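Labels run A, B, C, D, E and F following the written order; every chain starts at residue 1.
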Amino acid sequence: MPQPDHICAYPIPDAHTLDDDLQQVFGKCIDKLGLVPNVLATYSIRPQRLRNFMAMYNELMFSESGLSKLEREMVAVVVSSANRCYYCLVAHGQAVRALSGDPELGEMLVMNYRVAQLDARQRAMLDFAWKLTTTPAEVGPADRQRLHDVGLSAEDVFDLSETVAFYNFSNRVATALDMMPNREYHGMDRPEPFQPPVPAPKS
Amino acid sequence: MPQPDHICAYPIPDAHTLDDDLQQVFGKCIDKLGLVPNVLATYSIRPQRLRNFMAMYNELMFSESGLSKLEREMVAVVVSSANRCYYCLVAHGQAVRALSGDPELGEMLVMNYRVAQLDARQRAMLDFAWKLTTTPAEVGPADRQRLHDVGLSAEDVFDLSETVAFYNFSNRVATALDMMPNREYHGMDRPEPFQPPVPAPKS
Amino acid sequence: MPQPDHICAYPIPDAHTLDDDLQQVFGKCIDKLGLVPNVLATYSIRPQRLRNFMAMYNELMFSESGLSKLEREMVAVVVSSANRCYYCLVAHGQAVRALSGDPELGEMLVMNYRVAQLDARQRAMLDFAWKLTTTPAEVGPADRQRLHDVGLSAEDVFDLSETVAFYNFSNRVATALDMMPNREYHGMDRPEPFQPPVPAPKS
Amino acid sequence: MPQPDHICAYPIPDAHTLDDDLQQVFGKCIDKLGLVPNVLATYSIRPQRLRNFMAMYNELMFSESGLSKLEREMVAVVVSSANRCYYCLVAHGQAVRALSGDPELGEMLVMNYRVAQLDARQRAMLDFAWKLTTTPAEVGPADRQRLHDVGLSAEDVFDLSETVAFYNFSNRVATALDMMPNREYHGMDRPEPFQPPVPAPKS
Amino acid sequence: MPQPDHICAYPIPDAHTLDDDLQQVFGKCIDKLGLVPNVLATYSIRPQRLRNFMAMYNELMFSESGLSKLEREMVAVVVSSANRCYYCLVAHGQAVRALSGDPELGEMLVMNYRVAQLDARQRAMLDFAWKLTTTPAEVGPADRQRLHDVGLSAEDVFDLSETVAFYNFSNRVATALDMMPNREYHGMDRPEPFQPPVPAPKS
Amino acid sequence: MPQPDHICAYPIPDAHTLDDDLQQVFGKCIDKLGLVPNVLATYSIRPQRLRNFMAMYNELMFSESGLSKLEREMVAVVVSSANRCYYCLVAHGQAVRALSGDPELGEMLVMNYRVAQLDARQRAMLDFAWKLTTTPAEVGPADRQRLHDVGLSAEDVFDLSETVAFYNFSNRVATALDMMPNREYHGMDRPEPFQPPVPAPKS
């Protein structure tokens, strides 16, 4: 069966009926990304919430921080892997492929981050992300100390914690509303095509 | 040992050094609530993030929605119970006691919401909150249908999902940073004091 | 919806029809506590079992032991928190508030004991209680050693283990039979009431 | 390595130093069972607790009840299987073999009760025992109803619940103290020996 | 850090030192697939086990069966997703993309098969695969019946069960030995490349 | 109710209709073991798969390896205990009793291997077997290192991993198809019968 191309489980407003500021944002997305991410389209069901979501997202992912943009995307993917969120794994998996220039790293973080070859700092950050996602009640001072041991400052721990928390938020909105990622992500930042000598038959 | 009265695991800025808009917010909190919630004090480590947090929180908890303010607080407590978040259980447990006028309901939702006597709509909402919190990957169309069966609209499901998601966010920020709730919450909206004929000896 | 005031899921005998010894116990409860704990009322369905339950309970909680009475109540609350037993959390949460004179400690143990500031001995005892409750099959010599390292004797480990075990018993009886705690507990040993300048509106 | 023949993790008193009533009980055990069960020997570390344990155990397992003695032992084994308690599986597995005259039934309940061919009443009782043991917080009215549907009365549910609860108690005492079952159980109530034509070589 | 290109955690024999039959198999792999799958290279540490593995694998995946080749690959991916096996997700995810001609389907099964639009037969097969992988002890007659209800024969259930079982085998060998999939898989059967108007900066 | 004596959930072919090579194998089983193991009878539904299964099994359990035959059987039992597979626990539990000459060891590995007194090498192997069975995604270099620390070579880790993996395979085939072990196993390699002075009454 061909896979669905719905945006989410519920009807969304025609983009032309949105307030001007939101139409401008959507226009900029098309100019820059070539698409309006379906999370924004879905959120346009509740316009003020869309604005708040974008404000938080942009601050978290693009403002100055001790965590690099790639590191924030790596955290996004590992949290989404723990929660098995299809939307966020597709969208942020692509971001890791793009920002790292390493398409295998993206796949590893989607599938099981423990197989990736990481430096101690990144490994500690991703271990923290996994634990804060899957067993938050057990996080304590020893977990923060492990982050300080690899060089994170108090502010870095703040930013890391909020990033982990944010994808625990967005994973649940995406899953609860059955958001589908834009199909374009699948073809972005992949390695060179490889063609076996004898192609597999279609089933 | 007496319990800690730190605000969070890290030093926070002196409130008088914050930008004017934030000082005004803190002032209003004192005027209205008699305290500055420690989550806001903690977030002042990162002022722009504090603004985004408050914008999202206020929209989610106080704007027009098919979910009553009490229902949103009930969801907050049940999510926080699943995640065993001390800060959010204390603060939102108090809110349920206050808004419902039923101090037992607050305790039930903190401890095990399944013992509470709820109508079908509220029970369905809290079951959804529990599942989306603890096993998000398993949420699907049948779960949304159960909500529609008790009368929720598409927009209500959006609001409910975002509320569940938001407390999965705030629980993790609070736990990761060891936020302590303001002590005042503990004494608010309790039932009439009861004094046994023979008081228990202090240990 | 107002919360239930049933004693348990099944009808219980009229107290005046009970054997004299049990009527005397109930009378003493009223004289001393101002109430007959609902667990005793429920157990009166099976009078001989009520006698056995009280004998075991009284020995465990009030006899000489290397564990203080407060420590035994702390264990009761942490076991009940792991099992999310409403009855025992309410009743023994109150006991911790009363015996410790620290109402926050009671709330912490109900919600997530890991946030409480405890000395090494108490922390080790509560970690043992959590593990023996949630993953008993994994308890072994290293776990006993950790208790000895903070000063517990063989007999103390016996008493601790039996206390943990006992609340795993009573939690299951209470939950299986839907026992409701006496409402009086909720208003006991709370901190001074705090009234915000602007009271929250009832929903 | 030969397996341990300690009674439990800690030294136990010489039986001849115990109070007369306990010496009499131990004497009766030897007369009737041919052994003193190690759980009683272990409990003699704390004589009054031994008396309470025996009172509760005898009432629960041998008094009049809607549950047959075999059914109570079946519950004991299934609870102990969920908790993987070596002591109780060995001792009560033997009891099921003896009371049922069906040595396979004993093994099935030890290993995975779901493979046993049971009537609806026994299956419902064991499903309840498993759930109340592994996820007590999720037990509710629908679970009790399933028991009533196969004919259990309110009193039967009381007795079943207390039996499940009791083995959650004794499993934890046994595991925490590393109690070893008396070796005699292993050779009791086994099927006819079977000898393959070519014996397996010792490794 | 660039990702590892080891074949597995341990050194593997030079292919030219292998027995002729194995060298021929490896030669055929190169002729047909353009590569020797790393699972075969790893298994050459133990040549006879390699032969047995290939015999079982080939029978399971390529012989006549009521399950199509694509369905067997779908099962492989869902089992590997439950177990988070990097090797098998990469290799069999590619196979699903190739056999189905639907690159999104491959990604969905890797990330969370529940979001895929499947017919009732395939959904039932994948639900069975998930359950038999994650909670095998709970599989029983009702689970087999659900498969028969969507048309599977006894022999189909045999083949499905053995396929689920086999990937629970290969996932564990691959993870235990840290097998890395051949890099070529990543670039195979991807959708058309998509280039955003403004490329993302490398971090 | 008497326990079932079916071989598996589905009808199996009359042994006399099988290919000659399979009839010969079954004949040898009867000559040597006194029975045809029901796993072989079940597999005869799919004759070629039976051949592959036997080839893999025989190589794994009987070929030269750094792991003794007893150790391989111990691993079989511990994996089957984690998965609660009735068939494999009965059949391989008997093998451990036979090969070790220690019937208690067999019971301990069936019920909870952590109570057995083992040398460091065997304990490390069984801990690895448990982890690779229950949380395969978390196995990594530190787990392999622990095996090397007690003397296992790379090839030993290969053999151990494949053995763990194989029983994760056979447990799932056995459970999915409801295979019953041959009854003869229950009476093999038991300790001397013990008869209490007063026999337990049949219920």
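Things worth noting here:
Criterion: a residue touches a chain if its C-beta (ideal position, glycine included) is under 8 Å from a C-beta of that chain, and two chains touch if they have at least 3 such contacts.
Values in this document were obtained by computation on a predicted structure and should not be read as measured data.
Common neighbours of subunit D and subunit F under the contact rule above are C, E. Of all the chains, the one whose CA centre sits at the greatest distance from that of subunit F is B.
Although subunit A and subunit E carry the same sequence, what matters here is overlap: shared residue numbers make up over half of all numbers found at their interface. One simple way to say how far apart two chains are is to compare their mean CA positions; for subunit E and subunit F this gives 26 Å.
Per-chain CA centroids place subunit C at a distance of 44 Å from subunit F. Averaged Cα coordinates give subunit A a centre that lies 51 Å from the centre of subunit D.
For subunit A, residues that reach two or more other chains under the stated contact definition are 84-85, 112, 137, 140, 178. If you draw each protein chain as a dot and join the dots that touch, the picture is not a line, a loop, a star, or fully joined; it has some other shape. Touching chain pairs in this entry, ordered by label, are A-B, A-C, A-E, A-F, B-C, B-D, B-E, C-D, C-F, D-E, D-F, E-F. On subunit E, the positions that touch subunit F within their shared complex are 9-11, 45-46, 48-49, 51-53, 55-56, 59-60, 63, 83-85, 132-133, 136-137, 139-141, 143-144, 154-155, 157-159, 161-162, 164-166, 168-173, 175-178.
Interface residues of subunit C, counted against subunit F in their complex, comprise 137-138, 140.
Of all the residues in subunit D, the ones that touch subunit F in their complex are 1-4, 31-35, 68-70, 81, 84-86, 89-90, 95, 98-105, 107-108, 110-112, 115-119, 178, 180, 183-188, 190-203.
Those residues of subunit D lying in contact with subunit E across their complex are 112, 114.
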